[in-house]
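Several structures are given next for inspection.
You will see chain A twice below: alongside chain B first, and alongside chain C after that.
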Partner chain A sequence: MVLAEYKPTRSQLLQVRKTLKLAERGHRLLKLKRDALMIEFFQVLERAREVRSNIVDRYQDAAGKLAVASAIEGRVGVRSASHALLQKPELELTTRNVMGIVVPKIKAEKVRKRIDERGYGIIGTSPRIDAAAEAYEELVEDVIVAAEIETTMRRLIEEIEKVKRRVNALEHRVIPELEDTERFIRLRLEEMERENIFRLKRFKEAGA
Partner chain B sequence: MEIAVAGSEEFVLGFRLAGIRKAVGAAPEELERAVDALLEDEDVGILVLRSDEMAGLSAGLRRRLEVVPQPVVIAVGGAEEEDLRTKVKRAIGVDLFRTT
Partner chain C sequence: MAAGNTVADYLKRAVDRLPLDRGNYPYVTARVKAKKSLLLPVETYERLLQMGIPAIARFLGEGQYHDEMLALGARYDGVDLVEMATRDNLATVFTQIIGFSEGSLRDMIGHYLDRWDVWNVKTILRGKFYGATAEEILEDVIPAGSLGLAFLERLVGLETIEEVVEALEDTPYFSAVLGLTVAPGEVTTLAPYEDLLDRLYYVHLLEVIPPASEPTTLFHNFVRLEIDVTNLKTLLRVLGVEGLQTRQLFIPKGRYLRRSDLREMVKLDLPGVLRRLRNTPYHDTLAPYLQEEGGDPARGIRAMENWLLDQASTGSNLHPLSILPVLDYVIAKTREVENIRIVARGKESGLSVEQIREMLVV
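And now, the complex of A and B:
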């Protein structure tokens, strides 16, 4: 904003004051939004860390069980069991709104299956394959939870950054510039008024 | 909708055991194309990748994985993601993932 752009008139002064008031109100509201987003973020962060650490543990456990199954049954045995599976996990993806941010809500079905629902024969495969399949089903369950939470966290972070940039722009640029403009117009109007009074005095003196 | 997994054969085999049909086993040089195809698939709700393999993807594709609204992309096999950590640090101003 360049001061020279503004004409020092009464209506312009009122206009700038109105804009300044609006900017201050926006600044206050955005600060409140930023704080509320931060609170939401910290709540999600706790859950995200918990789920992430679960995934790390479960993945190690599942990979270990798969390695044992592969070592005993052979990779071909494990692979053929994996191809025999009949039911696949089904997802239902909807969205919900957290303070104006659209975050995913994931509902899953048929992730955990009973041994007889898996499709491969009970007799033809060993308990090691069952254990690996169960461990991976648990991992998939956690992955679904993590997908929801981590995406929510990502979107919250992006929004916090955006709101923070807006708050800073208002606080350090827009509001100070509007205050400067308001001061400039006010002082210029006062100066013009003084000039006018002086001119009137001179007229009066000349007339007398 | 379905869950999809992409990565090395060893990585996807376990997920196949859990009943995931869209488990694409691909060599490292083929992975980008496989991920790209899964991103285009409208039936994929969640895409699971291995952390270290995801880090090896091109910067453009990684950026796309971050911003794409669907599928939700999740990395398995590593602790906190480095980019998430940097983002949190930039947004909050504090490194919340620091352990020491």
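And now, the complex of A and C:
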């Protein structure tokens, strides 16, 4: 904001004061929003940590069960059983609003399957394949939850960054500049007032 | 293997029902006994457990798997080489046995080994549904049954499921897979067709080998024991699964377990199932794993597989000039291949020696 842009008039002073008031109110609200987003972020972060740790545990469990299934059924048996699965999980992607931020909400269906829904026949396969399939279904469920939470987290971080930049801009640039402008116009108006009084006095002296 | 309706087929079936038996039992059992002596002794598995994958591959390459290891060495390596070579050896050995057996013995062995045909048909159908390439499907095919490699290659090369089903018209499996062409777009799962194929295999096996003579009766009884074990394995897997259609899950004509009993047992808990098995030979084997509510049915299933292996071995000792030594060898050879794979895959996956040892069926 360049001071020269402003004409030192009373209406301009009122306009700047109005803008300053608005900027201060915006600054206060944005600070509140930033703090609320931070609280929300830390809550989501806690859940994300939990889900991540679950994923690691579940992956290790699933990998172990797949290893056992591969050992007993062989690579051929496991691969052949995996080819039998025709139904893919269905994902429904909707959105929800967290303090003005649109975050995804993922609803997954048909991830966890019953033994007769996995595509392969029951008579000719082994329970180790069931165990591996079940473990991976649980893992996929967790991955979907993690996708939702981590996307929410990313959006929150982006929004927090954005709000933080706005708060800083208002705090360190816009508001000080508006205050300077207001001071400049106020002082200029006072100066003009003094000049006017002085001029009137001179006229009065000249007339006398 | 074709289940035709010609006069010749009718006559063959009629002759099969006569209490006459034709087959070179002494020769086949002697050859099989010699082959059995080549199987890895129990203590060898302990040695394998201490080896790495390259050492296991080298060890196998110096023994009866030499030819296959050599033939596949350029295409595969590590654990894949071990698995593929043992699998190919299995197919070769079984084909050899069919080759040197004659008469009704050959029929019985051939029909028994048709389980690999069922495996292959299932693998090809799965591959076609999934959209796997011909190479991928062929890697998973094990030509140890009546359907030769050339026929299987032709099946794999066919474009559509309808063509595959059509090509199976002269096999006993046609009726099981016919539904796949009746409503091609409506098929969302292969499970009922696969179960039907497995059931049909056993039904067909018992049908084509009627218990007319002592050898066929021994064969019949053993197959019916195997049906019981398969049904028990299925039962333990579906126990407590709600809303499951159990009508088609169990194979008919088991030796001690009727299908109606098995369907009732699906609703019970593990101790309840054990109580229902009290008057069968399976009770004592399963008791340690099913006594408590949170028992270990998976280990129970392994124990039943071991029990069947013992039954085949005992039967082969009691009836040395029957089909039982052959079945004993077929099961033992299959277990050997599985055990080698368990050791190799287990090592590759980083499983502990104890875990691998527990999975072995010896």
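Here is the rule we use: the second predicted complex is superposed on the first by the 207 of 208 C-alpha atoms of A that agree within 3 Å, B and C clash if a C-alpha of one lies under 4 Å from a C-alpha of the other, contacts with A are read in each partner's own complex, and residues count from 1 in each chain.
As a working rule, a contact is a pair of C-beta atoms (placed from the backbone, for glycine too) under 8 Å apart; a residue touches a chain by one contact, two chains touch by 3 or more.
As the structure is a computational prediction, the values presented were derived from the model and not from experiment.
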Clash-or-fit label for the pair chain B, chain C on chain A: fit
Chain B versus chain C as contact partner of A:Lys88, first or second or both or neither: first
Touched partner set for A:Tyr59, first chain B, second chain C, both or neither: first
Vertex chain A angle, Cα centres of chain C and chain B, expressed to the nearest 10 degrees: 30
Chain B versus chain C as contact partner of A:Ser80, first or second or both or neither: second
Partner chain(s) touched by A:Arg128 [first = chain B, second = chain C, both, neither]: second
A:His27 touches, of chain B and chain C: first, second, both or neither? neither
Touching partner for A:Ile160 - first (chain B), second (chain C), both, neither: first
Superposition-derived comparison: chain B or chain C, residues of chain A touched: B
Touching partner for A:Leu139 - first (chain B), second (chain C), both, neither: first
Lowest C-alpha to C-alpha distance for chain C against chain B (Å): 8
Overlap of chain C and chain B interfaces on chain A (superposed complexes): 63, 66, 70, 75, 79, 81, 83, 85-87, 118
Chain A-facing residues of chain C, complex: 80, 83, 87, 118-119, 122-123, 126-127, 129-130, 132, 139-140, 142, 187-195, 197-199, 230, 233-234, 236-238, 241, 243-245, 249, 251, 297-298, 301, 338, 341-342, 345-346, 348-351, 355-356, 359
Chain A residues within the chain C interface of the complex: 63-64, 66-68, 70-72, 74-76, 79-81, 83-87, 114-124, 126-128, 130-131
Chain B-facing residues of chain A, complex: 38, 41, 45, 49, 52, 55-56, 59, 62-63, 66, 70, 75, 78-79, 81-83, 85-93, 104, 106, 110-111, 113, 118, 129, 132-133, 135-137, 139-140, 143-144, 146-148, 150-151, 153-154, 157-158, 160-161, 164
Touching residues (chain side chain B, partner chain A) in the complex: 1-3, 13-21, 45-46, 48, 66, 70, 72, 74, 76-80, 84, 87-88, 90-92, 96
